[in-house]
Structures are given as structure tokens and as C-alpha cells.
Amino acid sequence: MTKPNMQHDLLYGKIKLFAGTASPELSNEIADYLGLTLCGRDVLQYPNENLFVRLHNSVRGQDCYVIQSTTAPVHENLMELLIMIQTLKLDSAGRITAVVPYLCYGRSDKKDQPRVPITARLVADMIQVAGADRYMTFDLHAGQIQGFFSIPGDVLRGFHILKSYLLEIAPNLHNPVVVTADLGFAKKGRVYAQLLHTGLAFIEKMRTSDINNPVSMTVIGDVKDRDVILVDDEVNTGGSMVHAVEILKQHHARDIYMVFIHPVLSQDGPQRLAELPVKQYITTNTIPISPEKRAFFGDRLVVLSISNLLAEVILRANRGRSVGAMFNE
Amino acid sequence: MTKPNMQHDLLYGKIKLFAGTASPELSNEIADYLGLTLCGRDVLQYPNENLFVRLHNSVRGQDCYVIQSTTAPVHENLMELLIMIQTLKLDSAGRITAVVPYLCYGRSDKKDQPRVPITARLVADMIQVAGADRYMTFDLHAGQIQGFFSIPGDVLRGFHILKSYLLEIAPNLHNPVVVTADLGFAKKGRVYAQLLHTGLAFIEKMRTSDINNPVSMTVIGDVKDRDVILVDDEVNTGGSMVHAVEILKQHHARDIYMVFIHPVLSQDGPQRLAELPVKQYITTNTIPISPEKRAFFGDRLVVLSISNLLAEVILRANRGRSVGAMFNE
Amino acid sequence: MTKPNMQHDLLYGKIKLFAGTASPELSNEIADYLGLTLCGRDVLQYPNENLFVRLHNSVRGQDCYVIQSTTAPVHENLMELLIMIQTLKLDSAGRITAVVPYLCYGRSDKKDQPRVPITARLVADMIQVAGADRYMTFDLHAGQIQGFFSIPGDVLRGFHILKSYLLEIAPNLHNPVVVTADLGFAKKGRVYAQLLHTGLAFIEKMRTSDINNPVSMTVIGDVKDRDVILVDDEVNTGGSMVHAVEILKQHHARDIYMVFIHPVLSQDGPQRLAELPVKQYITTNTIPISPEKRAFFGDRLVVLSISNLLAEVILRANRGRSVGAMFNE
Amino acid sequence: MTKPNMQHDLLYGKIKLFAGTASPELSNEIADYLGLTLCGRDVLQYPNENLFVRLHNSVRGQDCYVIQSTTAPVHENLMELLIMIQTLKLDSAGRITAVVPYLCYGRSDKKDQPRVPITARLVADMIQVAGADRYMTFDLHAGQIQGFFSIPGDVLRGFHILKSYLLEIAPNLHNPVVVTADLGFAKKGRVYAQLLHTGLAFIEKMRTSDINNPVSMTVIGDVKDRDVILVDDEVNTGGSMVHAVEILKQHHARDIYMVFIHPVLSQDGPQRLAELPVKQYITTNTIPISPEKRAFFGDRLVVLSISNLLAEVILRANRGRSVGAMFNE
Amino acid sequence: MTKPNMQHDLLYGKIKLFAGTASPELSNEIADYLGLTLCGRDVLQYPNENLFVRLHNSVRGQDCYVIQSTTAPVHENLMELLIMIQTLKLDSAGRITAVVPYLCYGRSDKKDQPRVPITARLVADMIQVAGADRYMTFDLHAGQIQGFFSIPGDVLRGFHILKSYLLEIAPNLHNPVVVTADLGFAKKGRVYAQLLHTGLAFIEKMRTSDINNPVSMTVIGDVKDRDVILVDDEVNTGGSMVHAVEILKQHHARDIYMVFIHPVLSQDGPQRLAELPVKQYITTNTIPISPEKRAFFGDRLVVLSISNLLAEVILRANRGRSVGAMFNE
Amino acid sequence: MTKPNMQHDLLYGKIKLFAGTASPELSNEIADYLGLTLCGRDVLQYPNENLFVRLHNSVRGQDCYVIQSTTAPVHENLMELLIMIQTLKLDSAGRITAVVPYLCYGRSDKKDQPRVPITARLVADMIQVAGADRYMTFDLHAGQIQGFFSIPGDVLRGFHILKSYLLEIAPNLHNPVVVTADLGFAKKGRVYAQLLHTGLAFIEKMRTSDINNPVSMTVIGDVKDRDVILVDDEVNTGGSMVHAVEILKQHHARDIYMVFIHPVLSQDGPQRLAELPVKQYITTNTIPISPEKRAFFGDRLVVLSISNLLAEVILRANRGRSVGAMFNE
């Protein structure tokens, strides 16, 4: 990290980092990178479940960042994020950025049938009405969700975290092919294929009206005798992945590497996934993975940290420097 | 109920009632009063905790009411309410009313210290940004919360539900006095005193920085040898009430009737309260009370239903008739 | 068309149809279906290019629909749409619906690189700030664009127009396969495959930084000796389609049927497309196709009309009846 | 006052103080404290009563404060405040703070009967729509009014001005008791009781439908042979106070000290109040008290100045330093 | 008045007329025309000048009109208008129209020098933020002020009231010429000249920095030996008119008829104007003229009533019928 | 230009100039004056006419200016301006100023007949919804258009550009008189008359319903044997000017100097104007005049540049210094 340029430091006041209760480790890592201390705040829950927030020090005119992944318990964490944002606004913060490595409700992003919500838009509206001036997140389920906000944001890609690791293991892969478990992820899969100078195949599945039972049906493309990089944006209970791995094996795929950005891993997902004939599970810490969950996977689980990237983006946002330039864009 | 006037029926389309998952019985009672069937809707929770709503039938141009108390689990219920509102909006409902008998976060209604939120305002903003055109509720913690909304609302008073019961038992009371357990409720206590043509006294307590330990200190006013109507807007874990009853007894009060609108009754509240030397607990069903909780109180618990009043207010809202006139106001 | 129910007719005033200059035929067909006359309006262009609109009759309190596809000249047509909306608003229309069969800028729907716009969101904002209360359109480039609007809308699918025709020709197809020319359309391609009870394949191409030169590279899936239903949402200059057909033929596909919703057909597109070895071009009239363009294709061009569907949706919007029910949804 | 830190000085541009015509002395005192000169502006009233404002110098990018109490003539002063705010906005001020020591319409803060306004919310909306970014005020009638604003504000308490004076006279008080003239002020009264380590009592009065005739009825609590600190937030015509003093004397109170933040003192209030058997009237200058009014009270009137506190808060707002820290909060 | 069409009557609920305190007679005349009774409301002013409004009956879903000219006392009347609008909104009125025959601050409609307000925009914003859905007014100082509102409005022209009277007296005029006292009114003067099939001339004056001293300098155009129709939109203290008449007489004009829409007539305006050698003063009742003011003019004052026109426009707004059609437009 | 004060330089980040495609030369001149380089950006137009913008470098926190005149092709240029603004907003620009020397649709600024738009308000709304924080422009058709914006702006007057040239030629003018070709410009004409210490006359014309045929009828005021300064805000096809010159010559005017701010000069305007007996055409470069257009006029065309003034205003806006002070205002 280069020494801060004092002139630019004044654009937006000082960086003030606030950790939500959902992302304590990540928040600490970010603070460490920036050489800062997390700002003191109390977060209490009353017996009636209502949350209460109190900041230890004034943030008048300062450049504030609330770090909170909206993972389980999803709605408490979301509300805590919103309350912290409003508290900062009412204390006359200079600028407030919601740093939400995993943004909930991303899969409710369109009306693919009548009379259903677009909850991702509702979440965007809530973050804005609470008072956020900007947001930062990783890998929205659909890039278009960025258009649900009328405030600017930095939508980072876990791909930038994962790619050096993938390049490292690439020489050991046997005629690899990138496979997506969902057609909706097909275009994003191409980015991995380009990185590894290899081809693409798809698991074609049907998402039925029964929400827990997506039946994968076939593989489109060639996977026989090839190592497979099976990619998706998030893995939840692992249902799709179980079907995907099964079918890949039926089509004589060799080693399978499961790659995903957001380790939601809810319910019995960790156990089901760990039982699969998968060589490695490669993911990030946009969502914290508890030691209990990690135990299922043993050393087959590789978790790459987003903290340095996120810290650097926060620094650049504060100094008015390009984020795109970090990725040669 | 008078026969609907067909001419007015057209002001706002037909009444469409939607029950949130937090208020099933109340919703059914309202539907019964109105001679309607609750509209079909699915509310699902995915393994990642995200909620999903789907309406069975179109609500284009209709006058929709979502009935949902924001009780435990508070944040799921609040989010479900918001999602239902947005779903109705996206399906082109004619008008959407959030019917929230108990509105959460009412006690976070002002900044009585620096660097804290006004979460009740945030909740009002969320309800509005989701798409509600109006709201209905009972007994806001402070009447001023109505000013947090920029949409109109009907804020009903449980007093109108309780008063006939109180008048019924009044002849049996011995020189009664109305006591409030919180100075902030002092002015509302006066309404009960006027109803019963009697006086007022107050429990004066100090709410310390330790949020669970409000120490009541004394009684201001005369309670000796008098039956006490101990009133408050909501009762939660009962901490304040335990102290209030203790002190009232120290000051030689006779029978104590505990009267409150919102039976939050969280944690071990039902047990603690039921153990008190209280003759009757008189409340309403703005929040459902489970059979398990009811069991603690036995027949000392009197729950008066808000459903007919709420149904009549919905009818009047739809027909464009006065609600105030119901109370001779 | 069933006889209008007079009671519901009053929900939103009378239907008033306004034709923008971009969609005259479609507007007439809609008016015919509804048994109405298009409302008189002048649209003038001054020598300084500024547009001017004047309505012949008052629309106070009426339910107004402005029918205007945002095709070439795109920006004049968009501005004309906005001005008509504002004019209706200033004349106190009861409700204003922007009926835009083809909504421009759909492909600018996300930031897939830094420092670029999300113009589809800007267009949504413009339609709303002009005063529209609702919108209707066909096949947004991404379903998520619906989340760019905070007003409700009816996003119809050309698939419902095309499917009966496809079922009609299906018996004559030889072992058909549905192929998408763009991975982003993969999931929508599945709907066609389900209709025809057949499989899916994909053209995998790379969109390079040179915007006019997308190089298709290979076919993923099996097309050999099969009739191909080549589907996409819109066809513009036909560049992608030329590459797609070429590769399909290299992979020994049999007859090719090109199916697309929006016939943009700009520049020399009609000529280039007509020269391809394609058996039929099946599309709709969301965008008018001039006789000159039609001439290139001869009777290989099948244009299915959206007018009856759109008219029925307008009627149902006005009457407060379900649109989803038209599709058994 | 410590020397300004130049680095922080740049957060919000330079402090620019504008005096409204209602608060000339206070404005001068604030300017003196800050070592600044009030910015030149013309405020004219045309023969048709319309006001006109003209700033003498540009305020582009500067941190502007308009000091204006909304006292009599209330509506001219309110409009002047709004016009000054808009003028600053149109001149591209960097930030605009409405400094309104006394905010009018505070008592219209809730709908305690049907079909009445919440004018305090309207006033908040007006200040915001005019263009204010922040506000500062003293002792809102209800703390919840802060939630009527969606902009942040500093709501200061006159208690911090009065407390050192009260502590100074405390040793001379005989077994003092704090009495509130209005039950709505009961909780605020407790703060005074805590300061003086003494008890509380209340005047219980009924506000009847006749707005000028609140009939005080009794004293709740013990005042006999005690010196009374009679506290309220504002005193207007003094009607309530006349009744309160009368009843206190009937209950054999000793010396009475009348303490209030906002000296509205309208109509014949000064005369009526001055005739009461009150030892001291202790208030602040949130509202200027004319020499004519002061004459009624003689040296029994103690007016403590808010100017230094307000000036310090302005300085801290500009420098991004904590205001809460001034009160050890 | 034709019998109301019951079908259209339902578009917006029933007409509910509310009279502000500034326009009692006009309100009664409108109610008479419509065969309605003014809705009961209390308007009180507390000793602290704060206004209070209470509606006697519910207006839920009804089509409400608040009739209030913003004349002296301007700011009380403006605030009363705003409070009535908010009260109606909070009582869930179906639609609220501000009927403001004379809208204050029209002359503060642009920044013709730096650092001044555009108060007419502020007033428009205030009316909207209070909750008005529409507005009605007469002769804005500049037509562009209509663009300051984002809600629709009916801006009526007093010309339509005056023209039949002018045509009646026209045969008796000697070679008449229309003269405007202000160049800004030049284009509007032309409408009068066209009506009377005659020419135009202008008083050319300089508005100096001294706001009360506009020095008229000369007449541009021919007035010698001609009867003069001297037109303006409003007359206040009459300063411009005194100069205009003086110069017209110097240029040997014959009889002078002074024609203006808004009789502001503040301060000593009535006396100064009545002393002028003017044959008739022809105006309307957009602003009430007190008997005292009328006495100065005797029978030289002709006041034409806007009430029937305004009532008919209200009726048409409620029924969804054209207003423009009333003027063959 | 004085050396920038580094302290003030930090108020709004660094100046970043972006040239729209409509104003390349002007943009370069502004950049030269400020010693800056225009920021790199791509503006592409796809075959479907949709525009695309990409910024070469990050603008986070910087003070951005988009320079774009909304001239022909008007709607492409307007849309390009809006897209550039949104792109800057999404890239987290610190402040965005739309620099639009000529703002289109200025003549659609009021409803002078029923059922027409106020398109200038729509354009203002569009600029704001795209994300502009401020705007700069020259000579709005009506000063009131500034009130259509709720963001602040600098509306500069071409008069300040033209006046020194006019004073230079003044000694050679023979008894000059200022004539306006449109009564709506009468008050602005006075400013020129004051500059030259001379009188005013007016061309009185009727704008008929046929939009291209304004029939000038007469001259009001004295032009015989006088040199004429014929002034207007913009000249388009020159229709009004042809009539004006014709009538002036009929009334025996001597030399005619045509003075106008905005050289729209559309269609055959240049040719028609150049054929008139006019001594000089004096205008500015708010709109670029192509060499082809210039050729018609030869050296009778005098184009005075706004670039230095605009550059200085941008500098002052960035530094927080007065613009009004440049004109001794």
C-alpha cells in the first residue's frame, strides 16, 4: 500500500470502518490492511428482538463504511445494516457506503411468472432509503441488479480473487473443460474458459415449480475424460451441484473442481457437498464459513480471502482513485 | 354491517384481503366480518432463508390490504410484509394498505442520546418505499410516529376495544386509581382515569444505561387501599411490570388489574407476569398469544378482539366513509 | 372479446389510445380490436428539429395508452413518447401507460466493464419522470430490466405469439434442435426446446472489443443432420446470425428456421440476412418492417402480429382483469 | 475556543453566517464567538407583503448557516427562512443549515383527534423542500419531531444552558421538588429532578376542547413546604402557569422558580406571569424578549444565553467534530 | 349547468369544497353554482399565531377543493392553505386541488440578478409537498410558472371574464388603442388588441434598483386623441399606473380604461388610483376588495366575478370533461 | 487568470472536462483556457442507433463538466449528454455539471393553449434524473426556465459577450435604435438600448396557427432614418427576421445590424438571411456554425466566442468563487 496522498485524503473525510455482526473477521482483516481500527459501536438485541445501535464516536463529515454480509440470519443482518446506515446518516456522516460482500435476495431479480416480487429491487430501495450513498458488493446474481440502484456502487468479481489460484493449478489439469451448472451462468462461465484457454460445457437442467427439486437432465458439450472446473456464483444446499456432479460422472468426467464465489452452504449443504466425488472446493469468504462447516470438507476446501481487495477498493474510493485500473480495465 | 353502497364500492375497486403469516387468526376473523375469503398467496422460505411470495390471482386495480403484525420473528415478518406490498404493487394493485396491528420498533422513536437511530422512521420509510399507499395500526408507542409517514394512515386505539370491558367491571372496583408504569404513558393514562371517573398515579422509574434493568423507585400519587388499573401500551418481558406491582403492593394497593394493548410477552415474560399478584390481565389480540403462553395465566387473562373494529375500518376505508365517526369524533 | 363489464369500466376511466408516429399500423390494429378510434393528436417537427405535440381532445381522468416503438429514428421516437406522456400528464389524464413494443437500449443493461452507462435504467427513469404510471413492452433483453422501473408494467413474451405457428410447422421438422446464437439467450432458448419437445445447442461466440465483429467459434451440442430452430430476441444487422448460420452449416445442420421477436433489421441487415441459406424467418411486428425490407425476404418472411394480444392486455389493464390468466399463469 | 484545525476546515468550505430578521442579537453573538462577520444580505418586504432576499456575496461551495427563530410574526419569519435557504441553494452553497432556535408548530405534532393536521411535519417538509441539508434547534416539543425530518439535525437542550445556574441556586433551596405543569413534560422533568437530587410532582390538568381554557385540577405528588422548580418547555400566554402556581400555593408550596426554555410570552403573557407569586423566571434567549416584556419582570427574570453553545455547535459541525462530546455523551 | 352524468361522477369521488378564510364570498358563490354546501371546517389561530385546522366530516376518497387566495395577510393565508391541504391528505382524501385564484410571489419568477431567490418555485414546491394533486389559478405573472409545478393545473385567464364586458363598451370607444404599462406584459396586451380589432402601444419604463420607484419614460406607439385600454395583470400600490396615466395624458390620450385581473390594491393604492383621471377600473374578484377600498372608486369600479367560471372548471375537473372546450380551444 | 488557490481547489476535486460530440471546438477552447486536457472518452453509435459511452479514466470524487450543445441532431445530442452524465454518476463522480451552451426546447416553456407540453420542463427533469448536480447555459428563451430546475445553475448572458463589440461599433452608428423582432423579447431589448443610450422599437407580429408563417404587421416606435440594432435570442430559419427587415426597410430604416445569441441557422436559414440587406450579423458560438453556413455570410458574419467566459465560470464554480462578481453584480 502506497502512502496516502494527503491532498486526496480530504476529498471525503477520513475512512471510518464499522463492522456489522455478520462479518467480524473480514472487517478486522480490512482494518488491518488499512492500518485502521474498527470504529466502536454497540449492537444490542432487545428481548422483543428489536435491534439497537449506538456509535461510540462522532462521524460528522467522515467517510463511513458499514461491512455486513447479508447471510443467516438474513433478515436480522439486513435490518442491522439498515439501522447502522441510518444511524450514521443521522449523525451527519459525510458519506456512507454499504459494504455487502454477499447481497441477499439476488435470485429474486425478475418476474419470470406473474404476481411475484422483484425482491432484489426492494432490497436496493431499502438500502437507499436508509441513507447509503454508495455500495460495494461481490458478484451479483445478475449484473443487471446494479441497475436496481440509483446510487453508484462497486460490484467486484470474485473471479479476480480466484484466478491466480486457478492458474496455479492449471498445469496439473488434464484437458480441462469449464462446466456451468446453470444455463443462466453460461456467459460468466466463458470468462473462466478464457482464463484457462479451454472450452465450455453446460449442465442443462429444468427448474420445476417445486422449488427444491431442480432436475438436471444432460450435459451439453464434451466432458469425457476431461478434468472439470464446475463453476457457479453461489452454492446453497448443494442440490444443483449434487445433480451436476452425478451427471458429469455419468458422462465420464475425470476430476471435478467445484468453484463458486459465495459459500452460502445452508442446512445440510456442507455434508451433502462434502460427500461428492469432488477434488477441490474453491471459494471465497464473502460469507464466513464456520469451523463446523469447514470440518466436513477437510483440506479439500480452499477459501481465498476478499479482504485485501475490498480494503484496497475502500482506500481508492476514499482517495478518488480508479478501481477499474486494479484490473487493467 | 349495512349493505354495501354499490356506488361507493367503486371508489377503490374491491377489497382484497391478504394474510401475512404472522396474523392468521386475525385475518380470518376480519374476512369473516366482511363476508370475504382471504386471497390466495404462497409464502415460501428457501433454505437460504430468503422469502418468496406468489399471489394466486390478479389484483389489478383492486383495493388490497395486507394484514401482518410485526411480531416475532420480527424481521422475517417485517420483510414478508414488505415483499407482499411490493408484489401487489408490481401486479398493479389499485391501492395497497399495510394493516399492521403491532408496529415494531416503536420505542426507537427519538434520539434521546447522540449517535443512535430513529428506527421507527426507518420502518415507516421501508413500508413506503415498498409501495404502500396507506397503513393501519393500533396504539403507536408515541402518537408522533404518525408524522414519520408521508402516507395517510388509520391509527386506532385499543382503548376503544377495552373500554366497554372496563366499564363492565368498574362497579366492582374499590375506590380505583389508574396507575401508569412509565411516565411517558402518563397522558394516555389520563384517558383511562376519565373513563372510570377516578384519579391518576405514576410509577416513577429510572431507565438506566443497562437496558434490561429499569429500577422503579416510588409511586407518585395515592394508591393506598385502592384497586389499581395498571396501564401501559405494551408488555414485553414484564420487567417494568414486576417492579410496578411490587411497589404498588409496598404502598398497600388492593387488587391490581393489568391493562395493556400489545401482548408482546417475549422470553419468560408470560411466566414472570403470571406469578404476580395481579387479579386480571386485560389485553387485545394485536399480537397473537399462543396457547402455551395463555396457559400460564389461566382465566385471569382477558383478550379482547380487535378484528371487528379493524374489519369495519377496512370497509369504511374502501367505501370512503368516516372512521372517526365510529368513535363520535 | 367479451362485452365490457360496465362496473369495472369505471376503475380507470375510458381507454384512450394515442398512436406515436413510429407505430401507426399496430396502433390501428389495436384500436380495431377494441372497437375504438385512435385519439386525435398533432405531432409536428419544427425546422430546429424540436418536436411539438397537441391533443385534439381532453383526457381528464381517462385511462391513456401511448403506443410507440422506440425504433429508428430511435431518439426522436423516444422523445416523442416522452413528450406525449408529459402532455397527457399536464392535461390531467387519470392514468398513463407507455406501450412500447420494442424498448430501445435494452443491451445497455449492466456494467460489464468499468466506466460505462446502464442506459436501459436511464430510459426507464426518463419514462417515469415524464409521467408514465405503467408501461407495456415485449421481451426485454434481460428480464431484470423490469426491476429498473419503480412503476408496474406488463412485459409480454413474443413466444406466446410465435408458439402456435411453431407447433404448426413442427410435424414437418426433421429431428429438430433449438440453437441460440448467444449464450445470454440460453435459458430463453430452453422454452422453445420444451415447446417442441426437443434439445438445445448453442453457438459459442466471443464478443470482442471491436463492437461490430463478434466472432462465432463453435457449436456446443449436436446439430448434425437436424433441422435447426435458431432463436434470438432481436436481429439487427444480422452479423451474429451470419456467423451462426455459417457454423451450423459447417456442422452439417439441415434446414434452418430463424426465429426472433424484434425485427430491428438496420442498415444492410435485410439484404445480408436474406442471402443466407435459411428456410424461414419468423418474427413479429413489435417493430414495423417496411415493404422495402420485406422485399428482400419474399415469402420466406413470416411476421406474426402482436396487436390482438396487446389490445387484449390493454383491455384487461383497464378492466382490472388478469393478464397472467391469458397464459394460464 | 481552540484554534481551528486547517485540515478539517476544508471538509465543508468556510462558515458563512446569515442572520434572519427574527434573531439579530443572537446572530451577532454567534458571529462574535466565532470571530466572524455576519454575511451581508438584504431582506425587503414589498407593499404586497411579498418578501425579497438578496445576498451581497457569493456562497458557492461554502458552509452556510441561516439563523432565524420562527417567532412572531411567525409566518413571515418562517417564509423568510425558507426563502433564504432557497436563495443559498440557487447560489450553489456547499451546505445549508437552518439554525432555528425555536421551531414553530411543535405542538401540532400528532393527530390526537381525527381530521387534524400534523403541522410540525409540514414545517419539516417545507424546510427540506426549500433546500436545507441540516438543521439545528433547541428543545423540540416532542423528541419524535426529529423523526419528521429526513435530513440530520442537532437538537440541543436548553437544560445544558440552565443547569449550571440551577446548581448555583440549589444550595439555597428548601427541600426542593421539581413540578411539571403538563403531564407530557413528565419525563423531561425527571432530568431536572436528577440534577437537583430531588423528587418530582405533577400538575394534572385537562386540556378541554376550548383551546384557551386548560383547567388544572390537582397536584400529584408532594409539594407542601417545599420550594418548587416549576418546569416546562415553553411559556406562551401563561395560562397553564397561572393555574399551576395557584394550585401549588393552595397545596402550600413555598418559593416557586419558573423554568422554561422558550420564552414565547405572547399577548398579555408577560403581564399575567409577572403578577404571579414567583421568585424567579429562568429562561433562555431562543426567542428574543423585548425590553418592554422584560420590564414587567424586573430582575426576577433570568435569561441565559444559548449563543456560545450554538456557536460552538456550528463550529463543530463545520469541522466534523463531535457535538455529543460537549455533554460527555 | 347540465345534469351531472352519474357515470362520470364516480371518476374522482364527490366534490368537497373547502373555503379558506381569505376567500369566503367567492367560495360561497362557487358552492351556489354547484348546488353544494361548503364543507365544515374550523380554522383557529392560537395566541402564539400558530394556525389550527379541523375538518367537520371525513373526506376519505372524495375529490376535495381548497379555495384560498394568497392575499394579505399573505403568509398566514399561504400557511392556512398548506395546512388545509395536509389535513385533507392525512384524512385520506381521494384527490386534492388547491384553488388559488391569486397566487402570491408570481413576480419572483426568475433570477434577473445573481444571488436572489425564485420564490414562485418555492411556493409551487410547498403546495406540492403539502400534498396537493392539482391546482387551479388565474393569470400567473408569467405563463412559465406552470412549469414550476410537477402536478397538473388549470391556469385560467381573466381575459375570458373581461372580454364580454369589453366588447359591450367597445362601440362607445373612440379609436381605441391598447396600452401596456409594462413591457413584460406586451404579448398579453396583444390579445386585448385582437379582441377589439385595434392597435398596441407601450409605456416604456425603467425598473431601477430602488424597488418603489419605477420611472416611466415615454410611450412607444400612437395614443394621441385615442381612448386607451390600459392593461396589466395586477395592480398593487398603483405606482406604475400613476406614471402611466400621467404620460398618456401628456401624450394627449382621451379617456382611459384601466383593466387588470388581480386587484391587490395594497396600502394607499385605492386612494392614489381613484384620484387618477381614469374613466373606469375594470377588474375581477380573484382577490376580494373590501367595501372600504371600493368606496374610493365609487361606480367607476367594475368587478366581474370569476366564480361561475371557476365553479364550472371544478365541475369539469371532477367529471373528467374538457376545460379547454369552454373557450373553444 | 490568477493562479489557482490550492486550498479552494479541494472543495470539489479536480476539474474534469468532457466534450460531447456536438461542441468539439468550444470544448477545446475551454480546455486551453484552463490549461487542461479534455478527458478521454469513447462515444459510439451502434447500427441500431443506440449510443454508447466509455470513459478512459476514473472520475471518482472529481468535479466533472460535460460540454454539449443540444443542437442538430438535437435528440442524439441530448441523449448523448444524458448518457454521459449517468456514466459519470455511476463512476462516482464528485459533482457533475451539464454545460449546455444552447438548451433545446426553450420555446416550449408554457401552455399557451390547452393540451400541449412544457417540454423545457421535461428536458430539465431529464437532465436531473440522469444525475446532473448543476448546469450552465446561455440565454434561456425565458428566464423562468431556471425555475424548472431544482438543481442550481449558472445562466450566462450572451449580452456580456456582445457588449464590447457593440460599444466598439457604436460611434459609427447613425442615430441608432434597438428593435426587437418579437414582443416577448421586448424587456431584453431594453438592455441593449441602455447600453447604447438609445431608444426602443418593436416589430409587432402575429404568430398564427400555421407554425411557419408568422406575419409581421407593423413597427411600433420610430425607426425612420435610423440605424437599427435588430435583436433576438436565437435565429433559426430566419422567417421572422426576413419579415422584420422587410418592414424596417418599408419604414425607411437605414443600416441594419442583426444581433442574436444562438445561431441555430437550420435548413435554408443561412441562405435566406444572407440575402437580406443587413450590414452585419453579430452572434456567438453557443452553437457551432459550419464553414458551409459561414460561407453564405462572408465577412458580414461576426462570431464572438463564449469559451473564455465559460472557462472562467467553470473555474470559479470549482473554486467556490463568485460568478456574479465578473459582471459587477
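Order of writing sets the chain letters: A, B, C, D, E and F. Residues in each chain are counted from 1.
Definition applied: a residue touches a chain if its C-beta (ideal position, glycine included) is under 8 Å from a C-beta of that chain, and two chains touch if they have at least 3 such contacts.
The model shown is predicted, which means the values in this text are computed figures rather than measured ones.
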Exercise for the section: Return the chains common to the contact lists of chain A and chain D. Expected result: B, F
Handout entry: Each chain counted as touching chain A and chain C at once
Key = B, F
Problem - Furthest chain, CA centroid comparison against chain C - result: D
Handout entry: Listed chain pair C-E, A-C or A-D that repeats interface E-F [over half of contact pairs the same by residue number]
Key = A-C
Practice task
Taking CA centroids for every chain, report which one is farthest away from chain F.
Solution key: B
Handout entry: Same or different contact residues where chain F meets its copy chain A, judged by the half mark
Key = different
Problem - Separation of chain B from chain E, taking each centre as the mean of its C-alpha atoms, in whole Å - result: 49
Practice task
Go ahead and note the Å separation of the Cα centroids belonging to chain B and chain F.
Solution key: 61
Practice task
Round to the nearest whole Å and give the separation of the Cα centres of chain B and chain D.
Solution key: 34
Problem - Junction residues of chain B - those touching two or more other chains - result: 10, 57-58, 90-91, 111, 113-115, 118, 121, 125, 322-324
Completion exercise
Which chains touch? The pairs are A-B, A-C, A-D, A-F, B-C, B-D, B-E, C-E, C-F, D-E, D-F, E-F
Handout entry: Parts of chain F lying in touch with chain E, wherever the complex brings them together
Key = 109-115, 118, 120-121, 125, 142-148, 150, 155, 183-184, 186-187, 190, 194, 199-202, 204, 206, 218, 220-221, 322-324, 329
Exercise for the section: Mind listing the chain A positions that touch chain F in their complex? Expected result: 7-8, 10-12, 134, 152, 316-317, 319-325
Fill in the blank from the handout: Within their complex, chain B touches chain A through residues 44, 46-59, 72-76, 78-79, 82-83, 86-87, 90-91, 104-105, 107-108, 111, 113-119, 121-122, 125-126, 128-130, 211-212, 236-237, 264, 266-267, 269
Problem - Touching residues (chain side chain D, partner chain F) in the complex - result: 10, 13, 57-58, 60-62, 89-92, 94
